[in-house]
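Dropping the structures in below, format is structure tokens.
Here come two complexes built around subunit A, the first alongside subunit B, the second alongside subunit C.
And then the complex of A and B:
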């Protein structure tokens, strides 16, 4: 007797026994819940891919000064496609990447198997760092500088697309925003 | 205080529901507004879909971003919340047989939400507020865009308090005995979450509005996101609770089923109240400046207790149907109860498709993508629109459509016009939504970004080409997006045709066939002990195990993929 849209027929419904189908399912589902929690925490200790917890407040002026200093120091050549400087900071060093309407600059060149401290911030609005085809995605904001230790494990030409809508004018805008990272042996 | 007389009520001859006429009018108007905005928002959605089809690319970037902003707000907020207002008034007044509290405030809810919606739409159509529904600063929209959102939210908040007030009235006037019915308890859960949600929205949108008119100098983009998502994500949690309540309602209406265990189902709703809102952090997992400890606790809804709640509802709803069907004599085999369900009745088929779609598409992917590390390889790709069309369209919208086919005879007192269409509508709509979601998630896994007017990076010197298969998946997904649109248009036509031209149902005649209480049938036929293996719902248990295996497999497939990318720490 009873429905979901009428009051429970047994006023003492809290003491009714639970049927076996439900008990088994609850036990199994709860065990899986605990497993997923432990695995997510555990991956921080044993997994090689984790979010960085290092971030700083910054300003556009302070951050662009760092980007410019790095570009000046480590430019190795001009990019064939755009004629812009390609910057190759030494392994282990701090690498500064800037998001701006509507590009990621500078163009970087990294070495496979080496670790870099990659800093990312924005000069204007919010952007998304989306490394393709690896498909690694982070949020990027003006005023925040995030530092992630990255270790490229493949060589090739990687594109950085924008993962957060950042405006646009005509055909130029969010969907045309790109940057590039070369990874060499 | 207002006194009510019997003529303020009518009695539904089938369910015995005592229907307050004023409440009924409010349910009608809110549901009608919802359907109108489903049409408008769906129109923009179709434009978005046809632009994201690489072989069509219908709209220019400006119109695309404008349409995407309108589509998101009109469907994610306006259609859903208007419908939820109708559902809340129905649960408070109709289900409890009570008059609605403060009808004038309820009308204020309706008109404020309408004024807010019109302001939003005008601002977006003027072209300077294409900031997406999320409107992240420092991108700035016109002041009346934010003002519209605030007015809309205030209206919805008033609606929540009218519902809570109605509960007080019903309790005081003793319109029911004992505990609240389960579906009303679900309504209370939705309302608690809604109040949290709408207050969060006001907290962030009011300063943002002041910023847009120059009275506040700076909105921190991270702070905005943290508080905005307490609004943006939690509002989706209202939908989950609302459509799960509708599942329970439909199981009882169509099968005469009762909840397998009041304790378990209510306990699961309680877990939602306590933990569901923590899920807001799903959107902040790849943000700078928030620690992993904070992210892990929140993204897991405190050790996945809200996921546990969803898994419980996912079992108990079909489980209650199975038990009812078995008690009515379909007690053979594992799935006879399901095979002999009324698949031609859109109230049932829509509800069941919503259950399966929400569980297998929205649910499985939602659990996996909200893992802090996995999020890095899907964040803001097409995977997201894929996922939330699985929850919001295949799940919530399908459930709302299903219950509409029952509400039209009972609330509008009209027969369903185009009943033949109605029979097919849930299947067409779900087919479209399911394939659309899955194809978009596939494209997202291959890196295609969301909110891009053009995925070819045409004319860019640093051009990047997505894999061909990604473009194929976008084409495929959007073709089924068109199928989904056809399903939505069928629904809108059926609703409008029914409420304007459908055959009137007289007040004392039955609006829908009487369904016998499964327990009463069991009592009469002596069919009280049902099921097998010591379980009352073994078929449902098998279905649940399939879901379980899907989650486990999908979880590890994603970790396998994650383990191949660049080292990140």
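And then the complex of A and C:
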């Protein structure tokens, strides 16, 4: 038998019969590989990792029209901290969030325990959407609409951080790109 | 590492592949790269338009 440094002693080693233990080793390792591959589907349903999402092709114009329509219909007040409109869409509805250099719009106010279909897209360059402190992270691109179902289970203020470098000039930019989502009872 | 066996029989083709460390290196890089890129392109091409 050879070693890691020396060749096999039998130059026709492939035709040498395999020992039973080695066959079992190969069978078990291969079966585990297949199981892990198939279980990738399982991770879509089980576990606290980043949620799965749907993706659709869209355009900046079409998407911004949806964001503007929702904002116009469901704005409830002006945010005290930023002066931006706070939008409270009805539970069960489609909720549209836009990322742009260098903010997220609009500020959403959601209800705890209610389900929403959250849509996210970008108006200009690639951004990230990282809901803090939860493990919800997406890449957000212009021309692509990411959709996922969310049911807030905690009240409070959640920060949205941009996780993809998106430029910056004059002291504002990616590093200061933060949004917020309010969740109320 | 010799490519011919003691009986003068040519090695099995699987042995020729597994004995060639440089081929294994190239396959080890190229196979995952090609599958990853091809799978990704297929996924992107199949993104449907917004309903």
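Observations on the structure shown:
Heads up, the rule we're going with is that the second predicted complex is superposed on the first by the 137 of 185 C-alpha atoms of A that agree within 3 Å, B and C clash if a C-alpha of one lies under 4 Å from a C-alpha of the other, contacts with A are read in each partner's own complex, and residues count from 1 in each chain.
Quick note on the criterion: a residue touches a chain if its C-beta (ideal position, glycine included) is under 8 Å from a C-beta of that chain, and two chains touch if they have at least 3 such contacts.
Everything quoted here is computed from the prediction, not taken from an experiment.
A simple residue count on subunit A separates subunit B from subunit C, and the partner touching more is B.
Legend: residue contacts after superposition of the two complexes on their common chain; A:62 is shown touching subunit C, with no touch to subunit B. Look at A:7: by the touch rule set out above, it reaches both subunit B and subunit C.
Contacts of A:19 after superposition: subunit B is touched, whereas subunit C is not reached.
In the overlay built on the shared chain, the residue A:144 is in contact with subunit B and with subunit C.
Across the two superposed structures, the residue set of subunit A contacted by subunit B and also by subunit C is 7, 11, 13-14, 55, 144-145.
If you check the complex, the residues on subunit B that touch subunit A are 15, 61-62, 65, 95, 131-132, 134, 136-139, 176-184, 220-222, 225, 248-249, 251-253, 256-264, 284-289, 291-292, 295-296, 299-300, 303-305, 307-308, 311-312, 315-316, 319-320, 367, 371-373, 376-381, 445-447, 449-455, 457-464, 466-467, 517, 519-520, 531, 534-538, 540-541, 544, 548, 551-552, 555, 559, 562-569. Contact residues on subunit C toward subunit A in their complex (touch as defined above): 1-2, 4-7, 9, 11-12, 14-15, 18-19, 47-51. Residues of subunit A touching subunit C in their complex: 7, 11-15, 55-58, 62, 144-145.
For subunit A in complex with subunit B, the residues that touch the partner chain are 1-11, 13-14, 16, 18-22, 24-26, 28-30, 32-34, 36-37, 40-41, 43-44, 47-53, 55, 81-82, 107, 115, 120, 124-126, 128, 130-146, 148-154, 159, 161-168, 170-171, 173-176, 178-180.
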